[in-house]
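For reference, the structure I am asking about is given below.
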């Protein structure tokens, strides 16, 4: 009997505790999203007064999107960027984690320094890599010149511009995977590894059959989170390539920004953003399912 | 032998990974003529000239703006989010998954999804180029962060602990404040630092929603990409200044960084 | 005792201020009828982009503040940042600024959307503007972007961009037996002849292709639109446009420094005045720095001259930057007082004399003996070159009309991408311009234009 009233007391308190946050979130996130969708149904442009409430042709933006080569192109660029950078980040981060873990606790304190690229303001990361990629001042170019190689300017090169972004992005976010995998590795019971060694397995075998399956759930969650985040890529592109040369590094997020704030076409940009948001929702849902199931395993 | 290689590989890898960052730092202290020189001098007389000219160029104001918006949005997010996290943790009813997803989504959405409606709204109510405007929009990622991060901490506080206090006649608010919160205090510290970090690092919202009054430090750095001179030294100094606070804080709370940066998916 | 000592200087100082206020007002060309300190206590807010002119102007602002009693808060931002923020600010009908820079690429858009105040109301009012201020003194070519379809003026130009050719290494040219190129063909040959000699590139440019390319399009007989400003059907895939893009892209891909696609104007200028690139074709203030900049290494070997002529004529680009008053500005009279002061013949002459800044737009100053004296460097009459190009669009056909089309920002972006595609090797010129034409059409249609 007593616990029932505690339950009801608790639920009442919980309701009171969560209401302000819920209201706030509805205000700052829910309503704007609704507003975004509504704006996407108008040909809203700042220079055309009245266009933001013009609902005469609600599907106009979406129809235009289908035939907008630049938009479709941007989706492909986004797909490639996400694929390359997430793959590299996960590989690099996992390798770093394995290395530090193998150091048997001696380098534990250093792992916090590995995190630095991740905590830097993304625009500062962009500044750093702008310096690295500028032929006039970058030591990489000078060294190449000294040994006789003419290195093309990566950020203005058709084939390398996207890779330039990928490398910078990988540098910035590999620590994320590093942290997650390292933490997971540290919970790996050593008996498994010892048992495998005693059975005659070599390091590669141990890795393939024991370690990898163990960290697989974490890798999955990591990958999904990173894919979601890669959709938001902005400072690197803003500072390093501006979407160019041509449109080879113009991801959908950047295109939406140009349309909204350089051309002032808020309605059309809202439509682009809605598409982007839908993608994010899908992947987030998958990520959350995977994340919760990982935590329940632990 | 192999153990030795692996052993030293770690610090070597660290130095390699940190080289670009260290390059920025050293450039901020290098006199301008030396910057364009090759081979680059690794030992030179450092100069504070870039930092000094930054300080005279309106940079301090942007720093103050960053400080105020980051601190205020952190405080507000904690105030609203901690009780909400607790509530979510104790929620046994339906909709918990949906609620959690909604909260996660808010954090995961591309900033432009909020910037467009906020821009239109702020222009209407006059919140463009104000610190208040920034603080409000920062809640779109800080409030969910607090809830998402604190929930596991509250999950770890067993209900029996509360019930024992309740049986002694304490009201729920007291139980929450004096029993539950102290247990979760480590989480609060980590969460606070992370909120501050994400707010400080924001670029997109500040770029669009501010002009000159509420301009924050990251946007001010870009402003140095000048029409009349690519002042590399000053740019490097600006970048170094902007990252200094978050670096300092991160190293201070490095114990809790892991959990926070991995969105609570990993503990410590 | 102390009180006495401090009292005296204070009152003396304030007396001096009042006197200075009256005389400064007179010397600043302000109407004698105005009391000293007509705008006491007012805070004037304005915005522009970072440019040498405003750095110079800032030094004189305290005089203006003393004379009028207002405080001037002039906010400067980097060029691209300013343009984006200004466009957003004005498009939303904001009143945060009392005066602002009217960037030439956006002037047409702002004027046709009614976002700027009509300045004829101020220049026509003798209580606000003395006759000696003479609005007709501004070079016509520079005022074209600020004149609306209704013939009214919405901005006054403070900066003229007259496209000239800067050659930094005349010594190398002599060595190779090359003379100053007069035609497009010549230019390509000269670029080819110099490129690679002593680590010098034949040409250099920056990433503003929508500014650098049109002279070549015009020179080959084409245009951006069919007949701007009335017929704005884009003509990017015409044979002349394709030829122009092919030509210009070859200059960039074969004869320019590595990474030129990412070059800002500063980087291009740095290459020019450092003698690392031979030819740069841009507004006069950018190329004359070869002769005037402190860190220029090519003072003795530099030449500033007209850019080469195309087979169909000579169409050097000419633009300007102006100051205007947003429609919803709160302090319009004060804003006009400031603009009037900043662009007055007296102050312009002073700035030219004190700083050597030469890209101003008042004809009377440009044609003055003092200006000629200051701007003849190494025997080259830069002032004449500058004026000739600046007024060219007003003399014959207005070939800069494409800039006055309000949809031009969209086109500028399309043109930029088109050139980048060709220079980076993604597509040949014909195909890139075909893509550009389609993108232009759909962009224009989406923004409501009937094409």
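The first chain written gets the first letter, and so on, giving A, B and C; residue counts start at 1 in each chain.
One rule holds in what follows: a contact is a pair of C-beta atoms (placed from the backbone, for glycine too) under 8 Å apart; a residue touches a chain by one contact, two chains touch by 3 or more.
Just so you know, these numbers come straight off a predicted model, no measurement behind them.
J.: Under the touch criterion given at the top, what is the topological distance in steps from chain A to chain C?
T.: The fewest steps needed to get from chain A to chain C is 1.
J.: Counting C-beta pairs in contact, which chain pair has more, A-B or B-C?
T.: The comparison resolves to A-B.
J.: Using C-alpha centres only, name the chain that sits farthest from chain A.
T.: C
J.: Could you put a whole-Å number on the gap between the CA centroids of chain B and chain C?
T.: Computed from C-alpha means, the inter-chain centre distance equals 40 Å.
J.: Report the inter-centroid distance (CA atoms only) between chain A and chain B in whole Å.
T.: The answer is 16 Å.
J.: Would you pick out the residues of chain A that each touch at least 2 other chains?
T.: 136, 261
J.: Could you list which residues of chain C touch at least two other chains?
T.: 88, 92, 267, 270
J.: Chain B: which residues touch two or more other chains?
T.: Residues 119, 208, 219, 222, 225.
J.: With touch defined as at the start, can you tell me which chain B residues reach chain A in the complex?
T.: Residue list for chain B touching chain A: 6-7, 9-11, 13-14, 17-18, 20-21, 23-24, 27, 35-36, 38-40, 80-81, 83-84, 86-88, 90-91, 93, 97, 100-106, 108-121, 136-137, 139-140, 143-144, 147, 152, 159, 162-163, 166-167, 172-173, 176, 197, 200-201, 203-204, 208, 218-219, 221-222, 225, 232, 235-236, 238-239, 242-243, 246-247, 250-251, 254, 257-258, 261-263, 265-268.
J.: Hey, which residues of chain A end up touching chain C in the complex?
T.: 43, 45-48, 64, 67-70, 134-136, 150-153, 155-158, 241, 244-248, 258, 261-265, 268
J.: Flag every residue of chain A that touches chain B in the complex, lowest number first.
T.: Those in contact with chain B are residues 2-3, 6, 9-18, 20-22, 24-25, 28-29, 31-33, 35-36, 39, 52, 96, 99-100, 102-103, 106-107, 110, 112-124, 127-129, 131-132, 136-137, 139, 142, 146, 171, 174-176, 179-180, 183-184, 218, 221, 225, 228-229, 231-232, 234-235, 239, 253, 256-257, 260-261, 266, 269-270, 273, 276-277, 280-281, 284-285, 287-288, 291-292, 294-295.
J.: Which bits of chain C are touching chain A when the two form their complex?
T.: 84, 87-88, 91-92, 109, 113, 115, 257-262, 267, 270, 409-410, 413, 416-417, 420-421, 423-426, 435, 438-439, 442-443, 446-448
J.: Can you list the chain C residues touching chain B in their complex?
T.: The contact residues of chain C facing chain B are 47, 49-52, 75, 77-79, 81, 85, 88-89, 92, 94, 96, 264-267, 270.
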